[in-house]
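Which chain is which? They are A, B, C, D, E, F, G, H, I, J, K, L, M and N, in the order written, and residues in each are numbered from 1.
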Amino acid sequence: MDNLGLIGMISVATAGITIGLGAIGPALGEGRAVAQALAAMAQQPDESNTITRTLFVGLAMIESTAIYCFVVSMILLFANPFWDYVVKKAGG
Amino acid sequence: MDNLGLIGMISVATAGITIGLGAIGPALGEGRAVAQALAAMAQQPDESNTITRTLFVGLAMIESTAIYCFVVSMILLFANPFWDYVVKKAGG
Amino acid sequence: MDNLGLIGMISVATAGITIGLGAIGPALGEGRAVAQALAAMAQQPDESNTITRTLFVGLAMIESTAIYCFVVSMILLFANPFWDYVVKKAGG
Amino acid sequence: MDNLGLIGMISVATAGITIGLGAIGPALGEGRAVAQALAAMAQQPDESNTITRTLFVGLAMIESTAIYCFVVSMILLFANPFWDYVVKKAGG
Amino acid sequence: MDNLGLIGMISVATAGITIGLGAIGPALGEGRAVAQALAAMAQQPDESNTITRTLFVGLAMIESTAIYCFVVSMILLFANPFWDYVVKKAGG
Amino acid sequence: MDNLGLIGMISVATAGITIGLGAIGPALGEGRAVAQALAAMAQQPDESNTITRTLFVGLAMIESTAIYCFVVSMILLFANPFWDYVVKKAGG
Amino acid sequence: MDNLGLIGMISVATAGITIGLGAIGPALGEGRAVAQALAAMAQQPDESNTITRTLFVGLAMIESTAIYCFVVSMILLFANPFWDYVVKKAGG
Amino acid sequence: MDNLGLIGMISVATAGITIGLGAIGPALGEGRAVAQALAAMAQQPDESNTITRTLFVGLAMIESTAIYCFVVSMILLFANPFWDYVVKKAGG
Amino acid sequence: MDNLGLIGMISVATAGITIGLGAIGPALGEGRAVAQALAAMAQQPDESNTITRTLFVGLAMIESTAIYCFVVSMILLFANPFWDYVVKKAGG
Amino acid sequence: MDNLGLIGMISVATAGITIGLGAIGPALGEGRAVAQALAAMAQQPDESNTITRTLFVGLAMIESTAIYCFVVSMILLFANPFWDYVVKKAGG
Amino acid sequence: MDNLGLIGMISVATAGITIGLGAIGPALGEGRAVAQALAAMAQQPDESNTITRTLFVGLAMIESTAIYCFVVSMILLFANPFWDYVVKKAGG
Amino acid sequence: MDNLGLIGMISVATAGITIGLGAIGPALGEGRAVAQALAAMAQQPDESNTITRTLFVGLAMIESTAIYCFVVSMILLFANPFWDYVVKKAGG
Amino acid sequence: MDNLGLIGMISVATAGITIGLGAIGPALGEGRAVAQALAAMAQQPDESNTITRTLFVGLAMIESTAIYCFVVSMILLFANPFWDYVVKKAGG
Amino acid sequence: MDNLGLIGMISVATAGITIGLGAIGPALGEGRAVAQALAAMAQQPDESNTITRTLFVGLAMIESTAIYCFVVSMILLFANPFWDYVVKKAGG
């Protein structure tokens, strides 16, 4: 249970929890936005172009918070500066 | 309880929790979007094409957050860089 | 309490928790979608074909998140790479 | 507190928690679907056939997530590969 | 605190928690379904036969998830394969 | 803190928690069903017979989940196979 | 901290928690039923006899879940088979 | 930290938590019942006698669950059979 | 960390938590009752006497659960039988 | 970490948590009562005297539960019988 | 980790948590009261004087619970009797 | 891990948690008040002056609870009497 | 695990949790305010100037609580007085 | 498990949790704002320009809280002053 093992363990656990936790909010938020978009279309079919455009911009904004989590998760798995340091030190 | 065992344990646990946790949000969000799509169709049957198209785009966006979790879970099980390192080291 | 025992324990626990946790979201989401489909049918009986078709596509999408969890759970029980490694090592 | 005891303990605990946790979501989801089916019937008695048919398909889908949990629970009790391995090893 | 004691303890605790946890969802789901059935009857007294029949099918489906929990709880108390193994081993 | 003490402790604790936890769901579910029955009677006084009959069947179904918990709780207190085994062993 | 002390401690703690936890559900459920009964009376004063009768039956059913908890709590305090056993053994 | 101290500690803690936890449900339930009684009176002033009578019966039922908790709390403080036993034993 | 210190500590902690926890329910319940009383007065100013009288009876009932908690808290601080026993014993 | 230190620590922690926890319920309850009073005034400006009077009585009742918590918190800080005892003993 | 250090630590932690926890309830309660005051003004602009006056009295009552928490927090930081005692003792 | 280190650690942790926790309530309360102010303006544009004035007074009151938390957090970081004492003692 | 390491660890953890926790409230509060502003504009397009101005003032107030958290988080990372002290001491 | 390892571990864990936690609030808040924008457009298609502009300003404000979390997360991974210090010290 040296530094290499500990930092490896924590990196694995954090990578999973970050994206697991970070998927809840965006999924619920997008679900709400999509649901309301469909309700708005049913109410004003003539505005479906404007509604679709606004919906896509909004989804992109919401998705961005999920992307942040995914990016951090990928960094922790494949470009982890702490892991690189301890591996380099262990191999030196 | 050496590094190999610890990183293996954490990888197993994280792989499961990531997808288990990450399935809650998307499932609820998609449920809401589908429910509203059906309500919209009942209200405006003539717009069912536009509604269906928007619904599918929305479901794809929401599903993407579940896919992120599944991808991380699969990486942890079958392409885990930390596990590969400790296995290589243990076998060396 | 060697590596073999620890990885076995965690695999058992994770397999169960993954599907136990992963069943909550899809079940609630599908319940909502089905409930709304029935309400939509009562409101627009003439559209029951379109509603049924959209419902089935939606249920398939939602069910997919439960399937992800079931797949990970089955992999952990019957095709667990970490378990295979420690068993092979213990038997070597 | 050797491997045999630990894997046995965890298997017992996980078998119960999996189905205990996995029963909450489906029961609530089915309750919602049935409740809405009854409301829909009261609103459109002439459509009771279509409603009943859709309800049964929906309940089957929701029940499937409970079945996944029950299957994993049964596997853990009666066809547990980890337990079989440690028993065979202890008996060898 | 040998294997026999540990597996006995966990079996007792899991048997209770499984049914205690597993009773919450079905009870709430059935309460909702029954409540809606009564409201539907008050709205459409002429359809009370169809409503009652659908209600009973629905309650049976919901009750099934409670039954799963009860079955696992009974198996853990009276036909527990792990307990049988350690007792046989202790008695051998 | 031998097996006898541990299994006794866990049995006491589980017996109480099982029924304590298992009383929440049924009480809330029955409260909802009774409340709706009273509302239905106020809306359709002429159907009070049908409503009462359906209510009683529904309450019996919901109460059954509380009964499961009570049965498990009583088994743990007065017909506990694990306790009987350790007492017999301690007395032998 | 022998068996006698441990089983005594757990019995005291469980007796309190059982009834403390078990009072939440029934109290909320009865509150809901009584509130709806009063609303129903205000809506249909002529049916106050039927409403009162149904309310009392319903309250009795809901109270029964609180009674189960109280019974288990009293058994744990004054007729606890585990405590009787360890006292008899300690006194022997 | 002998048996006397442990059972005393647990008795003190349980006595407080039992009534602290047990006061939440009844207080919320009674608040709901009283609130609805006032609304019913404002809607049907002529029925205030029937409403008041039903309210008092209902409050008595709800209060009974708080009384159970208070009784258990008082028993634990002033007529605790486990404490009496260890005191008698310590004094013997 | 002898018995005297432990029982003192637990008594202090329990006295505070009992009233801290026990104040939440009554405060919310009373807030609801008072709010509804004001709404009822605004709807039926002529009934303000009956409403006020019923409100006060109801508040007294709800306050009683807070009083139970306060009484137990005061007993634990100033008339604690367990503390009296250990002090007498320590002083003997 | 003798008795003096332990009882001091617990008294400090409990004094803060008691009032911190005890402020949540009353603040929310009073917020609801005040909000409804303002709504009632807007609906029936002529009754603002009766409403104000009832509001003040109600706020006093709700505030009383916060006062109980504050009193217990002050007793624990400045008139703590357990602290006085251990200080007197330490100083003797 | 002597008494001085422990009581200092707990005082710091409690001072922060008391006000941190105690700010949630009042902020939400005041938010509700202010929101309703604005709604009432929009509905009855002529009563804005009475509404404002009642709002300020209500806000003062709600703020008082936050003030209690702030007072306890300040006492713990700057006039802590337990800290004064241990400092005096350490310095003696 | 002497007193200096412990009090430093706890001060850092508490400073962050106090403001982190204390920001939730005010932010939600202000969000509600602002939202209702906007709704009120849309309903009664002529009263926008009175509404704005009342809103600002209300926001100031709600913000005050966040300020209390920020003040305590700053005191813990930059004018911490416990830290000053241990630093002076360590430097003496 | 000397003072330097401990204070460094806690500072890192607190810096992240403070802003992570402190972002939830403001984000939800601002979401509500913006949503209501859009609803108000749709209802009273002529008042969009007043609404926009009030919205911006409100957002600034709500954002301020997030800013407090960000400021504390930055202080902990880059101007931490406790870290500076232990670094200076370690370097002396 | 020296300072280098501990600070590395905590930095990894905090970086993930900060963004994982910090993504929930903004995603939900943005989802609400976008949903309401779509509803507002359907109600007042002529105001879609004003609505879109206000929506974008609001989304930017809400996104800012997610950005704060992302910034802190990036600082912890790539410009962590505590890590830099311990690395420099370890390398010296």
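Methods note: a contact is a pair of C-beta atoms (placed from the backbone, for glycine too) under 8 Å apart; a residue touches a chain by one contact, two chains touch by 3 or more.
Note that the structure is a prediction, hence the values are computed from the model and not measured.
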item: Neighbouring chains common to chain C and chain D, by label; value: none
item: Graph separation of chain C and chain J (steps between touching chains); value: 7
item: Rotational angle, Cα trace of chain F fitted to chain I, multiple of 5°; value: 75
item: Chain B-chain F separation of Cα centroids, rounded to whole Å; value: 37
item: Length of the line joining the C-alpha centres of chain D and chain L, rounded to whole Å; value: 46
item: Whole-Å separation of chain centres (CA-atom averages), chain A against chain F; value: 43
item: Shared interface positions of chain L, touching two or more other chains; value: 1-2, 11, 13, 15, 17, 19-21, 24-26, 28-33, 35-37, 39, 41, 43, 55, 59, 66, 69, 73
item: Category of the chain touch graph - line, ring, star, complete, other; value: ring
item: Running round the ring (origin chain G, first step to chain H), the chains in order; value: G, H, I, J, K, L, M, N, A, B, C, D, E, F
item: Chain A partner contacts - residues on chain N that touch it in the complex; value: 1-2, 4-5, 8-9, 11-13, 15-17, 19-21, 23-39, 41-43, 45, 48, 52, 55-56, 59, 63, 66, 69-70, 73, 77-78, 83, 87
item: Interface residues, chain E side, partner chain D - complex; value: 1-3, 6-7, 10-11, 13-15, 17-22, 24-26, 28-33, 35-37, 39-41, 43-44, 46-47, 50-51, 54-55, 57-59, 61-62, 64-66, 68-69, 72-73, 75-76, 80-82, 85-86
